[in-house]
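Step one of this worksheet: look at the structure below.
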């Protein structure tokens, strides 16, 4: 029913990621005995885990791997049989299916993931994961650390009280990790890692800015893959070097005017998560001269703040408080979307409605209202990002085809 | 210049033959199990009706759910674009089109030239579709064609709570058993449908003029209720089911005009 | 006994408007138990709980998907339809993704002079409570500005006392419900009306009700049930249970025991005490992990001789859905049959629920 799991990669550097990822998971499994294993949600700062030599498994990413390998149906079913409603996050159902499914669950990719010694979740993105990790903590009878930061949709983010709270959270987090590992956090090491990750973050911001170029040097098909090292290996030399190579390749493509498509007829913004079991949709527009020039899910546009303190935890407190709430409140999102449409010369927006990603899902209708009011052409497609049983090819294609027809016939 | 538009829906297949500025023929058949087959059959029929042969056709555009399996079409275009085009050709003042088909329901916005501007589809459930009304007709022991006129005889409309076909069926059955008049129940059903499609319309915003296409456009009861909700008189094509095929034939003409290759059989 | 309370609930919009006219005071809408109403009360304003309406959210559905928790959509819907025009302000706490989205949509689409987002942390330990106390301090200043009144510590303590009294009275009613001196619907009317009217007046009415109830004979031969719900906005569901031969004797829900089970520590520094109670003690799954939560649900059933449990979660409520398998497990381990509903807040669903509840009760009667 789905077209193809992987997106076509237009850049050579992108092709390095699968091997990196496979190696990461393999090493994680191999070293499970020696290093303490932490099951993490996205956004847990990997620098501090690296500094303490903790074997981190980011569950949401593993869920996308399961989805990409076309195993989501089996895992979701197993998770649902274990009592988790179809309403809850597809990633959670996949992992709970993996955990509790026993023989009924599909074979786990990469041979499975290392068994955890403790769990870490943060409140930085969505609420759903708190419940998910809470139940895992109970099922596995393992300690869970909840890393919190203020939400504050409008202003107030950077004031002392908010930063102090985040700092206290991070200090307690460090103490928790020290207790779990029996190791002391080496703050010099952490500072080094933060310096590295700041740099690679800024390189990623640069690459995002370079993508404003016409023709588009790198589309969403590559972007959703190359985001991986920054999310899961931040603070490592490998990650840093990867982005330097990527930047060089993007730079070259811009110089030579090598675009994703030879003749760009329309440029799109993909809002929401992609469908991890059918990434080829991101390339679908290319045969018609269209390119998904930019996506907003993991959009990095704020440069790192330079280090302001000797104590790296204090620096982390500021950057963690400063991060926009993952999707922001609607006004922030609308503003950001307008900026993206303008700066990236976007002709239309694809609004992905992923039902089980509650965070994104509940914000999309209002974003659509804003786009409609602003007269920015958009199309809505509904389909879960992880659970492939929700994918209906005919329905999705009809909407996308109509949108493409609209793009091609629009007044220039 | 003669072109053909073929619309392969899940329930019915339609073809329109356009000769210059006139509809020289049209056909409508039940799709049946074999969509590829029905494309050929509906094409043959429209050729027969207009007494033309395949060689006379300059360009063919296929649309609808089964558009990709029309082997003899030069091009496929979605029914959304085609409906916008077709409705606007019939009624140049048309800016909002509500297509209530056999299996799905679409709200479409177009500009003054019939170009697709926005759309919202309900293809996830039966509400507002021919399927829903077919089911209700069976429960009430009526034919589809009788529903509209009968509902206008309602003296007091019965509130139907469920818009889900599954629940509505049992609700309607109980109401009839209680002795409620069929006309009154029908009026309630039509209101419920109107409420659902109104939500869909609001998703794209309603700008006059409103055109209602699709089989349900022939149901005067539903049309009235929708008009009441929206606060507009709807424009109704004489043949509401062929608007998609008509739009496809029009686009076919545009292709020829802009220098596309002619059809080869 | 509760006719007056029921009327006050049903006519809540008129009542609020009348109160405004009578007193010249301001009315502030509150979303969710996390908001310490005492602060609003101490500023001389009337806090009223925003409740969903069992009707199609035709306006709200233009801003939200339809297959998510209908409660915030319904509140927004009513605001867009002008039902809440009399509100001088609305307080939205940091509850969940859906409520945060509602805050944004409210801001963009409903003209209201004062819309306050109350930061509620996810940590319920000492750090979280400290931070929340700071946030309440800011909230307090903001309320002072809105009301034009200064809020002394004394007035805040007084407010806490009034609210604690109300909680105490409701707890007494909760106990009386175990013996059937008060029915499930009656207690529900008491809780809901408490959320909608001046607390002192409600205390008075509660005292009268309890007096009356204590004169009754213990009643109720219904099947004794625990109801655990994510949100019930009115008494329809309890009414349905009673019609089917059930008797609610224990509950775990925001418009039930969660609202009054714990009091605010009147000895401690007021803001800190409010933070402690509202953040760390209200046993809501949004904040509390399964361990503490299940313990709480257990407590609600103490001495209630429960025979079965009905769990009613509004669809797509993540907080409750993740916990559900464990809650079910705990209840079944106690030998209690469990009936689960995925709520949609529509009129139509009550009828389908009736069949299920009837069958469930028959099964328990055996």
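The chains carry the letters A, B and C, assigned in the order they are written, with residues numbered from 1 in each.
Definition applied: contacts are C-beta pairs under 8 Å (C-beta built on N, C-alpha and C of every residue); 3 or more make two chains touch, one makes a residue touch a chain.
Fair warning: this is a prediction, and the values are worked out from it, not measured in the lab.
Here the two chains linked by the largest count of contacting C-beta pairs are A-C.
The chain with its Cα centre farthest from the Cα centre of chain C is B. If you average the Cα atoms of chain A and of chain C, the two centres end up 36 Å apart.
Our note on geometry: chain B versus chain C, Cα centroid distance of 47 Å, whole angstroms. Centroid to centroid, with C-alpha atoms defining each point, chain A and chain B lie 41 Å apart. Multi-chain contact residues of chain A (touching two or more other chains) are absent. Contact of a single residue of chain C with at least two other chains is seen at positions 62.
Partner chain A is touched in their complex by these residues of chain C: 62-65, 67-68, 94, 96-98, 100-101, 103-105, 107-108, 117, 119, 121-123, 127-128, 131, 134, 285-286, 289-291, 315-319, 321-326, 328, 342.
Across the complex, chain B is touched by residues 372, 377, 379-380, 394-395, 398-399, 401-402, 405-406, 409-410 of chain A.
Within the complex formed with chain C, the residues of chain B that make contact are 161-162, 167, 195, 199, 202-203.
Interface of chain C with chain B (complex): residues 56, 58, 61-62, 346-348, 351-352.
On the chain A side of its complex with chain C, the touching residues are 82-85, 87-89, 92, 123, 126-128, 130-132, 134-135, 137-138, 144, 146, 148, 150-154, 161, 165, 168-169, 172, 329-331, 353, 355, 358-359, 361-366, 369-370.
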